[in-house]
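In what follows, chain A forms one complex with chain B and a second complex with chain C.
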Partner chain A sequence: MFEFAIFFFFAAVAVIFALVVVLHHNPVVGALSLVASFFALAVMYVLLEAPFLAALQVIVYAGAIMVLFLFVIMLLNLQHQPEEPTRPVQQFLGYTSSATFLIGLVYYIVKYAAFTALPAGPFNSDAGLIGAEIFQAYIFPFEMVSILLLAAIVGALLLSSRSVGARAQ
Partner chain B sequence: MIPTHWFLILSAVLFAIGVCGVLTRKNGITIFMSIELMVNAVNLTFVAYARQFHQLHGLIFVFFVMAIAAAEAAVGLAIFISLFHHRETIDVDEANLMHW
Partner chain C sequence: MPFDATDIVLSFLKIAVVLGALLNVTPIMVWVERRGSALIQDRPGPNRVGPFGLFQSFADALKFILKEDIIPEQAHKWLYTIAPMFGLLPALTTIAVIPWGLPFRLPAKKLFGHVFFQGDYFFDPIVADVNIGILLIFALASLGVYGIVTAGWASSNKYSLFGAIRASAQMISYELALTLAAVSTLLAAGSLKLTDIVWQQTQYFYIFNVIKIPAWNVFSPSMWLSFVIFVVSAFAETNRLPFDFAEAEAELVAGYHTEYSSMKFALFFMSEYMAMAAMSALVATLYLGGWDIPWWNEPQVWWASVLTMLFFTLKVVAILLVFVWVRWTIPRLKYDILMRLGWKVFLPLAFVNILIVAFFIAKQWI
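Take a look at the complex of A and B:
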């Protein structure tokens, strides 16, 4: 029962802050709400017996990626730029199509994926097991991801520095 | 123990909110944050199924998705910085150089 209370509280937190991200006009408020939403998702990972991923969620997502977002928003000084409202047709189509999509998704989850059988026993997923699996079975994808991250860093530096140079000329 | 389908429904709600943000907003960074929201919804589904079937592979996939999301955020934000320097705005409707 206590577990359910925690689940519904943090599910409500995640959904409300996600709505703030989508509906608020100020991107700084949006980015901070997204951090709150990611913290609530980290609680979900703890409830799902994946504490290592919960730690990664807080450190990598709420820590590193969202700091990058906030840094760019504040660097570009966007909070004073009013966003033009989208056309009513686009808003109507966006809201109705995403609501239809949500209804369809929930319908199919309830119809086909409502597991009556709970998972048997506790799920042991500590960092040691995940690390062993990554460095044995998934060693090639792991190395590919490290090369991809390096390429992304070089690409990001090139993109942003060239634009600064072009502006100075 | 909470049944798996509650997590799946929460994930569906977060994904639909992200879709709504991508479809209705014009601010490039807000659209980008909505995409991050969708990525996180999919991660939640992976973790929920990993617990349901007692498989570590789902958790490892989430690990890789986080690494890819970091790379995507770095490159995407660099593109927005570049766009801002050229156009003085990050309204995605203004980035219409290749528009017909």
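Take a look at the complex of A and C:
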């Protein structure tokens, strides 16, 4: 009962702030709403007995990534300017593709997720267990992701370094 | 999870104790800071209101409440109002997972006609002993940036914005070093729970088989590097001098809270001191043995627990005094030096430190 109340409250928070992200015209308000939405999502993880995942959700998404988003928005110093009118083709493509995606998502959830029974017993998300799995069973994908991120870092450094950029031109 | 009345009542009691202590930190620390700075600078400091100027903080609080609350014309009203509360949230919540005393067995007690405490009830002086303890602290601490950033942006003042951007850059940079430094203590304890980290430190080790030394992390040679990195990063995380770029008054007027007045400003003030207290409690827990009293095997009874609580408070107060001492001793760094220090010195050192601690653990030296 108590958990249901918490679930519905934070589900509402997540959905409402997600809507604010999409609908609000101010990008700073949008970014902060996304933080709130992520935080509400972390509460869902806690209710699913995955506190480790919840902490990572807050640290990585709400804490680290969104700070960078905000940072970029503030450094760009966006002014209030009227949005350019969209062309009918753009509107048509936007509405139809998002509608298709929504229908596909609902179909998938109804077919595969909602009516299959959850595995019995609590979902074990102990930090030690996850660490052992990552460094034993999933070591290859883990290293691949590391290389991918390293490539992104090197690329960013290359782009931001003036001397290299000057040489390239 | 089954709840019973005892659990709920004791939880509320714990929350009340922790919050009460934390809320009282600000007025006391403001007084300590002003008197301490006066002591260091060889002047009297506030000494008129009450004995030793002790009631100065109450006068200040009254002034904060009575001042006019101004919202600038150009400000984003909503965010401007929410920002100080956002800033307060992490400081208030992180303290929940820090253990502040020895757990002990509560004797059965009759109250209002029914057995209130079961005989085997174990009272653990911590609000929430969660499995992910320290991760939760870092998760909530990483949200602390938003209060500052939002305040700086919503004020629509260039000094505020500069202060906010500097502060967030600084906090992001030093968060990494802080977290990586804390990893070594987790490695030693083999757990993310702060209670496990404290229990591991209640043991002893011997030098030359003669001198008995408590196994506090700060006494272990493998932890010295991590301790230094953690404490210095803690100064940067809490935006204290020598790292107070967020409000460097010589350059930015008052940084992100330039436009704030009255209680909203007081909230920023409070969150700064509470973050400081929470950080001190974390340093005490991770490195100074938490509530452990050295050279004494505490029996698990209530009076021993009270003694450990006092000892924990003593440790936190000592670290808070170091915070004040450092503020009035070391001048502010330059901004580029601060960033260089964070990324090029502390971050690599923190990585090296993890290797050192892992080596020590592999050799079973700790």
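Assume the second predicted complex is superposed on the first by the 119 of 169 C-alpha atoms of A that agree within 3 Å, B and C clash if a C-alpha of one lies under 4 Å from a C-alpha of the other, contacts with A are read in each partner's own complex, and residues count from 1 in each chain.
Here, a residue touches a chain if its C-beta (ideal position, glycine included) is under 8 Å from a C-beta of that chain, and two chains touch if they have at least 3 such contacts.
Keep in mind that this is a model prediction, so the values were computed, not measured.
**Student:** Where does A:148 make contact in the superposed view: on chain B (first), on chain C (second), on both, or on neither?
**Tutor:** After superposing on A, A:148 lies in contact with chain B but is clear of chain C.
**Student:** Is A:75 touching anything from chain B or chain C once the two structures are fitted on A? First, second, both or neither.
**Tutor:** After superposing on A, A:75 lies in contact with both chain B and chain C.
**Student:** Check the residue A:51 against both partner chains and state whether it touches chain B (first), chain C (second), both, or neither.
**Tutor:** second
**Student:** Does chain C touch more residues of chain A than chain B does, or is it the other way round?
**Tutor:** Of chain B and chain C, B contacts more residues of chain A.
**Student:** Scan A:62 for contacts with chain B and chain C and give back first, second, both or neither.
**Tutor:** The second partner, chain C, only.
**Student:** So chain A touches chain B in one structure and chain C in the other; where do those two contact lists coincide?
**Tutor:** 52, 56, 64, 68, 75
**Student:** Residue numbers of chain A touching chain B in their complex, please.
**Tutor:** 3-4, 7, 11, 14-15, 18-19, 21-22, 27, 30-31, 34, 37-38, 41, 44-45, 47-50, 52-53, 56-57, 60-61, 64-65, 68-69, 72-73, 75-76, 78, 81, 83-84, 86, 90-91, 93-95, 97-99, 101-102, 105-106, 109-110, 113-115, 118-121, 123, 125, 129-130, 133-134, 138, 141, 145, 148-149, 151-153, 155-157, 159-160, 162-164, 166-167
**Student:** Quick check: in the complex, which residue numbers of chain C touch chain A?
**Tutor:** 76, 78-79, 130-132, 135-136, 138-140, 142-143, 145-146, 149-150, 153, 161, 164-165, 168-169, 172, 175, 192
**Student:** Of all residues in chain A, which touch chain C in the complex?
**Tutor:** Residues 26, 28-29, 32, 35, 39, 42, 51-52, 54-56, 58-59, 62-64, 67-68, 70-71, 74-75, 126-127.
**Student:** Mind pulling up the chain B residues that touch chain A in the complex?
**Tutor:** 1-10, 12-21, 23-27, 29-30, 32-34, 36-37, 40, 43-44, 47-48, 50-54, 56-57, 59-60, 62-64, 66-75, 77-82, 84-86, 89-91, 93
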